[in-house]
Structure formats: structure tokens, C-alpha cells
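Both of the next two complexes hold chain A, though its partner changes from chain B to chain C.
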Partner chain A sequence: MLKATDLMVFYENMLALNNISITCADKQIIGVFGANSAGKSTLMYTLSGIMDDIQKKEGMAGGERITVLGRIQYLERDITDLKPSIRAKRGMVLCPERRRIFNESSVMENLRIGGYLATKKQSKETLDYIFELFPPLQKLKKRIGGFLSGGEQQMLAIGRALMAQPKLLLLDEPLMGLSPLIQSILVRATRKIRDKRGISIIVTEQYARPVLPIVDYAYILENGAAVLEGPHDEILNNPDVRSAYFGVSEE
Partner chain B sequence: MDIFIYGTINSAALALMALGFALVYGISRIPNFAHGALYVITGFVTWICLRSFHLNYFLSILLAMIITGVIGALIYQFILIRVRGMSISEIIASYAIGLAILEGFRWGGFKGMTYTLPAFADGTIMIEGIPVDMQRLFVVIIGAAVVAFLWAFTHFTRLGLALRGMAQDERAALMLGIDSDRMAVVAMALGAMLSGLAAIVLLPLGNIVVEKGYDVLIQAIAVCIVGGLGSWMGAVLAAFIIGFAQIFTVVYLGAHFQMVVALLAIILTLIIRPSGLFGRQKELEERV
Partner chain C sequence: MEQRRKERLDRGIKVRSDGLYALMSWRELSYLTLPRLVLIIGMLMLPFLMPNSYWQRVISIVCLYALLALSFDFLAHFLGLVSLGGAFFIGVGGYLSAIMNTSLGLPPFMAIPLATLLGAGICTLFLLPCLPLRGVYFAIVTLMYPLALARVIEAMDLFGGTDGVLGVDSFPNPWVEQYFVIAMVFLFMFGTRRLVNTDLGLVLRAVKDNDQAVKASGMSITYYKAIAVFIASAMGCLSGACLVHIYMWAGISLFALDFSILPIAATVIGGGGTLVGPVLGCFILVPISELLREFGTLRIVFYSLVLMAFIVFRSEGIMVYGERKYHQFERWVKV
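== the complex of A and B ==
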């Protein structure tokens, strides 16, 4: 489904992504784990093409010079040079870090803005699905986005991304700052989205423990480079990972 | 009573002038200082269609508005897109365009009192014993219609919702497949057409002169600053505040103080409440 090879991103002379290759097969959930500033968000922005927009704006304002190298293949086609809006149209939708809800719009409006790329029929069907997936949103339809709690906002952000009819959903730190209860609801929902709708998912997280059970394959980033990758079981049983990302020491 | 009636008319006129500016700023964060020039363009194009090509009045209006919309879109597509995101450059570029257009008209000989547009309908009606001519009535009706249209457009249509999404968080909208550059073109075209509509409704009340362009720009900016930049409802409310304040000044202080009101409103707002009545988001962030 997605195959990115040798991605490198420089902010001026600082290397943010170092030779990362990542693949995601049909209906897989891929986990990308790493500490702060390991390059998770940079990777997500690069895959979804938002990096183009950042690069353009920075360039115009005379800010940081950003260089992006490497190729991205998606659905058997090279999309490296495509605009982010076209990538979204082809089904690659990013649900960004810190959620970025439309603060002044109600829940319902947020979802309808998300449905920009969907047909009327698709929107209707997806709306029903979102309320089934996240029942708490049902009661909050009229609530203004900015007044939702963090967990509700994250549900809304995922719902909004689903409205764009993704084939590949990029979830950037969906669990950040949320309670363990909400985290487990979101993790279960993520799996359901893959199982029921056949959407492939790439999810990044700082803390691997809540997400690792549902991922098929995981990458571990450190300082912009993938230091470790492997299928679910292999990562789970790796002693380094256990100590670094689960807080389990084996001494 | 006459203060109420003429205050309402004046407020509707101000709202019409300001909405185009507020719309463009609200959606794409571009302070469109060519707003006044677009206003005058529509006036002159209508006049040319009407007098030189002898077209039907309605057809001339339609044509003029479409041309203005296209000019607005072209201004963004070819000039403003290059300085997008740098507010100072956006102001300089759009003001330069406006200046070039307006002074171009002056240089081209469009000056003096000879250019006027006919009123939509002649005649005067009496409201509560106060004579109101039909054109001024049209100002209120069309002003209300524009507000209603904008509200419906941004709440119920796919394009309108996309524009609002972009107004709130451009990058988040981009992630959902909303092309921000294309939306900014749409916003500019729409804003230009709104300024054109204001011109068509308001110009029959006076002459088409180049100075109108500067005057409209100042009024529009005053309304938008008082209402809070980027907030459409704020702009409408501010139009009523300034509109009534102007009529009060005319009645109690004299007509030549009218222009002072708008400028004083800008200064007072910037001192007391810099984000305006409905300053976007700031307040929401403070409360959360």
C-alpha cells in the first residue's frame, strides 16, 4: 500500500529524518515509536505531504530551509511530488498531533468540514459509523469543538479524518496526554477501524505499551533514524525495547 | 425616528462595504487593501457597459460583478500568492495594486462628476412620515440578503464549510484535502464580488469617483477593526455601531465630522480592546 524509501529530511543542517524506509501493507497497522524529537511527526508530515506546505511557507518567509529526499510510493504510484490535498484525495489522510480541531465549529460542523472529499452518501454512512464507533460524540453534536475534553477532541479528530474517506490513515500521537481509560477506548477503536473498514493505519506514539498489542509491525526511531524494526512479537520480546519503552527492567 | 431609519440605512451601507474585506481576511488572512479599488472597478465597468455598449442595466451589473470577481482571483493567483503568509508584504502588495488601479483610472481620465449610475427604481416612500428613496431601501434589503446568504453559504454548502475550516486552521484543512490556495482564490473572488455588489448598490447614491475607493477602504477597515478582524458577525455588529454613531454625529455635530467617527473608532478600539468586539480565538483560548 505504502512504501517510502530512504526518506531524509533536513531542517537547515539538522538531520530530522535519517534514511528511513517504511512500508505498510494492505489492512495493516504499523506502529512508529520514539521519544520526543525522534522524528515521528516529521515522518508523518513527510508522508502526508504537509511537509511541502511547511517547506513552502518557511521558504517564502525566509525561515528554515527544509530539504526532503527520498521517494514515496502509494498504491503502486509515486506520490513524492504530489500536493498534500491530492494525496488526501487519493485516500491518505493525516490526523495530526495535538488534534487541531476546528475550535469555533461544533462537533457536527467539524465532521462535515471533514467530509469535504466525500459524496453525500459516503458522508451519511460515515457519520453513522463514527457515532457508532464513538458513542460519546452522539450527545455532543452541538458542542463547540474548543470546549470538548482532550479525549472527546481526539475522538472527533479521528472521526473527522474518517470523513475524508481514507484508505491509509496516519494517526500522529493519538494518545498523547489522555487518561488510560480513554487510551484503551481509542486503541480499541483504532483496531475496529482497521478490522471493519479495511483501512490501513500508521500510528505514532511516544509510549509503546498501549498501542503495541494492536500493531502488526513496528519501527523504533531514535534521533531521526530507525534503530529497530520488526513484527509485533519480535519487538515485544526485545530486551532493549522492554527496558526503554515499557519501563520493564530485566536485571 | 429619522435617526433610526437613516442609521439603519447607513449601517447597512457600511456592512456591505466591509463584508468583502472581512470575508477575505477571515478565510485567507490576507488584508486585501485593494478592496476599494475593486469597488471602483465595478462602478466603472458597469458604467462602461451601460453607456458605451448600451447593455441592459441588469446585464451590465452582472457582467461587472463577474469581471471584478475574476480580477480579484487574478490578483491572488498571480501576485498575492507569492507573498502569502507575510502580512506586511501582503499589505504592501495589495495596497500597491489598489493604488495602481485607482490612480490608473484617474490617469485614464475617469474623474469629475460625470459618471453616475442610475438608481434601481425611482420614487420615494414614506416610513412613519419620513421620506426614504427606493435606492436607500434597496441598500438595506440587499445588505440583509448578503448577510443571510453568507450565513447559509458558510453553514450548509460543502464549499462554504471548507472555507470556514480553512479560516480556522489552514493546515488542518489541508490534511482533509482542502486545497488552501484554491480556497484562497475562491475567497478573493467572492470578496471582490461582494465589494462589487456594494458598489452597485451604493454608487447610484452618488458619483463614481476615484476617491470613493480610498473612502470605502477606510470605512471597511474601521468596521473590521472594531468588529474584530476576521469575524463576519463582528463586522455586521460594528457596522451598526459605527453607522449609528455617524448619523448621531451628523445630526448633533455636523456633517463634516462624519469621517472622523470611523477613524476615531479605529483608535479607540485599538486602545481599549485591540482584538475588536469579536476578536477571533483569543478569547476562546483564554477561557479554556
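== the complex of A and C ==
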């Protein structure tokens, strides 16, 4: 479904992504784990094409020069030079880090904005699905997005991304700063999205423990390079990973 | 497949001349001082280079606009307040100086500093209510005051009403006039550049980035904003005070919107956040606008085009671009 080869991203002279290749098959959940500054967000921006936009703005304002190298293939087609909006139209939707919901719009409005690309029938069906997936949102329809709690905002952000009818959903740190209870709700929802709707998902996270159980294949990033990759079981049983990303020490 | 990218690195001399090591040799010293010297000497030479007194007058006007542009840049890029209040500052400073000169009989060199300080105080008081807020309020309020004050003066026939204050003393002679305003530009340009790197400047920049964090650090943002607005309006009022002594007249046209708009255009062209760019921008825009005087109001069209072109193609501005070229070099490297 998605195949990115030899991605390299430079922020000025700093290497943020070093030769990363990622593949995502149909209906898979791919996990990307790494500490801060490992390059997770950069990877997500590059895949979704937001990097294109950042690059342009920095260039115009005389800021940092961003160099992006490598190719991205999506649904058998090369999308490396496509704008983020076109990528979203083709079904590659980013649910950004720190949620970035529309603070001044209500929950319902947020979802409707997300459904800009969908037909009326699709958005009605997806809306019902989102309220079924995240029942708490049902009661908050009229509330202003900025006043929701962190967990509710994250549900809203995922819902908004779903409204765009994704075929590939990019979740950037969906569990950031949330309580274990909410985390497990979101993780379960993520799996449901894949199982029920057949959407492929790439999810990044710093702490692998809550997410790893649901991923099919995982990449571990360190300082911009993929130091380890493998299917779920292999990563789960790797002693280095256990100590670094699970908080389990093997004495 | 071999891939290449353009790399940007600091020049060796830039690195060597950082900090105390600049004193190592004449080369490093001159690397640091040359751009500043060129600017200073260039501006000091300008009055001599002008062909006639008309163009000498233009130089004075350029400097007054430069002060306004500095005030805009200072507020916009170091405090995060977008000020459309050039006309407000000019009007307040101008009227005060004119009144002090004609009614109280103070000579220009007493009236100008007094009008600057008093005017800055008045402007700050007027703007105080919107300082705790974030967003467009400051811009709107600074835009409304000059419009309102002009109408008040007209309607209530204050300060000579539509005729304005006549018979204001001029500067002793054109040379004094020009070198006074040039000296003021130097004072405030290098002064604000110094200021933004002091502790106070750090707080101001922090207010721009995140005012809640500043509040959480136990500082009153209203107080710090008031200080910065005082400094910026002092620059504007000084400019207005000089203007009335150059034209020997103060009238409602001091509240004209040009004084608010042109400094913004100059800042965009020169490069915001550098505090030198706006001055350079004025030295480009104002003379051009003088050259185009015969086209009348069509000048505005030209302005808009220049502004659009800069925003689209070089939104960083001349100064940021120049600084980068001066300090850094580029080369192709293999990835």
C-alpha cells in the first residue's frame, strides 16, 4: 500500500531522517517507536506531505533550508512530489501530533470540516461510526473544541481524520499525555478501525508498551535512523527493546 | 544514484569574530565593523550628496519614516503587537511640539524632547486598556485613535481646527535639521538593537512567544508591554515633533494613514526583526515615492505592487537575505 524508500530529511545541516525505508501492506498496523528527536514526527510530516508545506514556508521566510530525498510510493503510484492536499484526497490522512483540532469550532463543526472530502452519504455513515467508536463524543457535540479534555480532543482528532475517508491513517503520537485508561480506549479503537473498516494505520509513539500489542510490524528509530525492524513477536521479544521501550529491565 | 544537496555553513571569519576573539586581527575587526561603518558613513554623507534642498528635505522625511518603521518593527517582532498607530504617534507628538512652541514659546530643541516624552506617555496611557489582550485589538485601537482624534480636532475646532497650528519655528538651518534627524535614527536604531538583547528585551520577546508562560514566571505582561509601547511611541512622537518643525505647521494631515502604512511596507521590504531593515526599507520606498510624485495617487498602486512582489518572492526582506549572504556560504555536497 505504502512504500517509502531511502527517505532522508535535512533541517539545514542536521540530519533528521537517515535512509529510512518503510512499507505498509493493506490492512496492517505499523508501529514506529522512538524517543524524542528520533525523527518520528519528521517521518509523519514527510509521508503526509506536510513537510512540503513547511519547506516552502521556511524557504520564503528565509529560515531553515529543508532537503527531502527519497521516494514515496502509495497505491502503486509515486506520490513524492504531490501536495499534501492531493495525498489526502487519495486517502492518506494525517492525524497530527498534539491533536491540532480547530479550537474555536464545536465538536460537530470539527468533524464536518474533516468530512470536506467525503460525500454526504459517506460523512453521515462515518459520523455514526465515530459516535459508536467514541461514545463520549456523542454528548459533547455542541461543545467548543478548545475546552475539551486531552482525551476527548484526541478522540475528536482521530474522528476528524476518519471523516476524510482515509485508506491509510497516519497517527502521530495519539497517546501523548493521556491517562492509561484513555490510552487503552484509544488503542482498542485503533484496532477496531483497522478491523472494521480495513484502514491501514501507521502509528508513532514514544512508549511502546500500550501500542505494541496491536501492531503487525514495527520500526524502532534512533537519531533519525531505523535501528531495528521486525514483526510484532520479534520486536516484543528483543531484550534491548524490552528495556528501552517497555521499561522492563532484564537483570 | 548520487544525490546532492546544497549545504549552508557559517563563514570561518564569522565564527572567528564571535565574542572576544574579534579583537585578534584587523581582518576580523573590519568584518564586524564594516557593514555598520558603511551604514553610518553612508547616512552621514547623504545630505552632501543630494543635488538640491528639495532632496535634502526628502532625506529628513526618510529619517522620520525610518523612526516610525523602527517603532513598528520593534513592536511587531519583539513584542508581538501589530501597530497601525504611526499616524497616532505622529499626530500626538506633532501637535504637542507645535503647541509648546507657539503657545509656551519653547525653542524647537526644548519642545521636541518634551513632546517626545509627554507624547509617549499620553500614547501609552491611551493604549493601556488593550495591552493585556492578545490578538488584533491593539492594531484596531491604534488605527482608530488617529481617525477619531482628527475628527475631534476638526469638530471641536481645537488647536486651530482645520487650519492647524501655524507659525511653528523651524530648525535653525537645514543642516542642523538633517543631522539632528539622522542622529536620532542612529540613536534609536542602535539603541533598540542593544535593548532587545538585554534582560528587558528577553522578557519582551518571551511575551511575544508565550505570554501565559511569562505570567507564570511572575511578571506582569501589561507592565512590560507598557514599557515597550512607551519606547515605540516615543520614537513615533519624536518623528512627529520633528515633522512639524520641518513643515513649520501642524494640522490634521498629521493623522494621515500614510504614516501608518508606509512604515509597514518598509519593514516588509527591509526585513522585519532586524531593526536595520526597516530603515533601509524607508531609504528605498520614500525616495521612490517622491520620484513618482507626478503620478499622484497612482503611487499607491506602485507601492502595492512592490509590496506584493516582496511578500511573494522574498518575504524575508532585504536585510535578512543580506545578513545570510554575508555570514554564510553555500556549497553542494554529496549526500
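The rule is simple: the second predicted complex is superposed on the first by the 251 of 251 C-alpha atoms of A that agree within 3 Å, B and C clash if a C-alpha of one lies under 4 Å from a C-alpha of the other, contacts with A are read in each partner's own complex, and residues count from 1 in each chain.
Keep in mind that, in the parts below, a contact is a pair of C-beta atoms (placed from the backbone, for glycine too) under 8 Å apart; a residue touches a chain by one contact, two chains touch by 3 or more.
None of the values given here were measured: they were computed from a predicted structure.
Enquirer: Specify the outcome, clash or fit, for chain B and chain C once both structures are aligned onto chain A.
Expert: In the arrangement built by aligning on chain A, the partners chain C and chain B clash.
Enquirer: With both complexes overlaid on chain A, does A:94 touch chain B (first), chain C (second), both or neither?
Expert: first
Enquirer: Contact-wise, after the overlay, does A:71 reach chain B, chain C, both or neither (first, second, both, neither)?
Expert: neither
Enquirer: For the three-chain arrangement built by superposition, which of chain B and chain C touches the greater number of chain A residues?
Expert: B
Enquirer: After lining up the shared chain so the two structures overlap, which partner does A:8 touch, if you call chain B first and chain C second: first, second, both or neither?
Expert: After superposition on chain A, A:8 lies in contact with chain C alone.
Enquirer: Between chain B and chain C, whom does A:60 touch in the aligned arrangement: first, second, both, or neither?
Expert: Once the two structures are laid over each other on A, A:60 reaches both partners.
Enquirer: Quick one: from 96-104, 150-158 or 240-248, give me the piece of chain B that collides with chain C in the overlay.
Expert: 96-104
Enquirer: Need the overlap of the two footprints on chain A, from chain B and from chain C, as residue ranges.
Expert: 60-61
Enquirer: Can you check the complex and tell me which residues of chain B touch chain A?
Expert: Counting only chain B, the residues touching chain A are 82-86, 155, 158, 161-162, 164-165, 168-169, 171-180, 182, 280-281, 284-285, 288.
Enquirer: Flag every residue of chain A that touches chain B in the complex, lowest number first.
Expert: Spelled out, the residues of chain A in touch with chain B are 48, 50, 53, 57, 60-61, 83-85, 88-89, 93-96, 100-105, 109, 112-117, 146-147, 160-161, 163-164.
Enquirer: Per the contact definition, I'd like the list of chain A residues that touch chain C in the complex.
Expert: Spelled out, the residues of chain A in touch with chain C are 8, 10, 12-13, 60-63, 65, 67, 69.
Enquirer: So in the complex, which bits of chain C are touching chain A?
Expert: Residues of chain C touching chain A: 3, 5-9, 314-317, 320-321, 324, 335.
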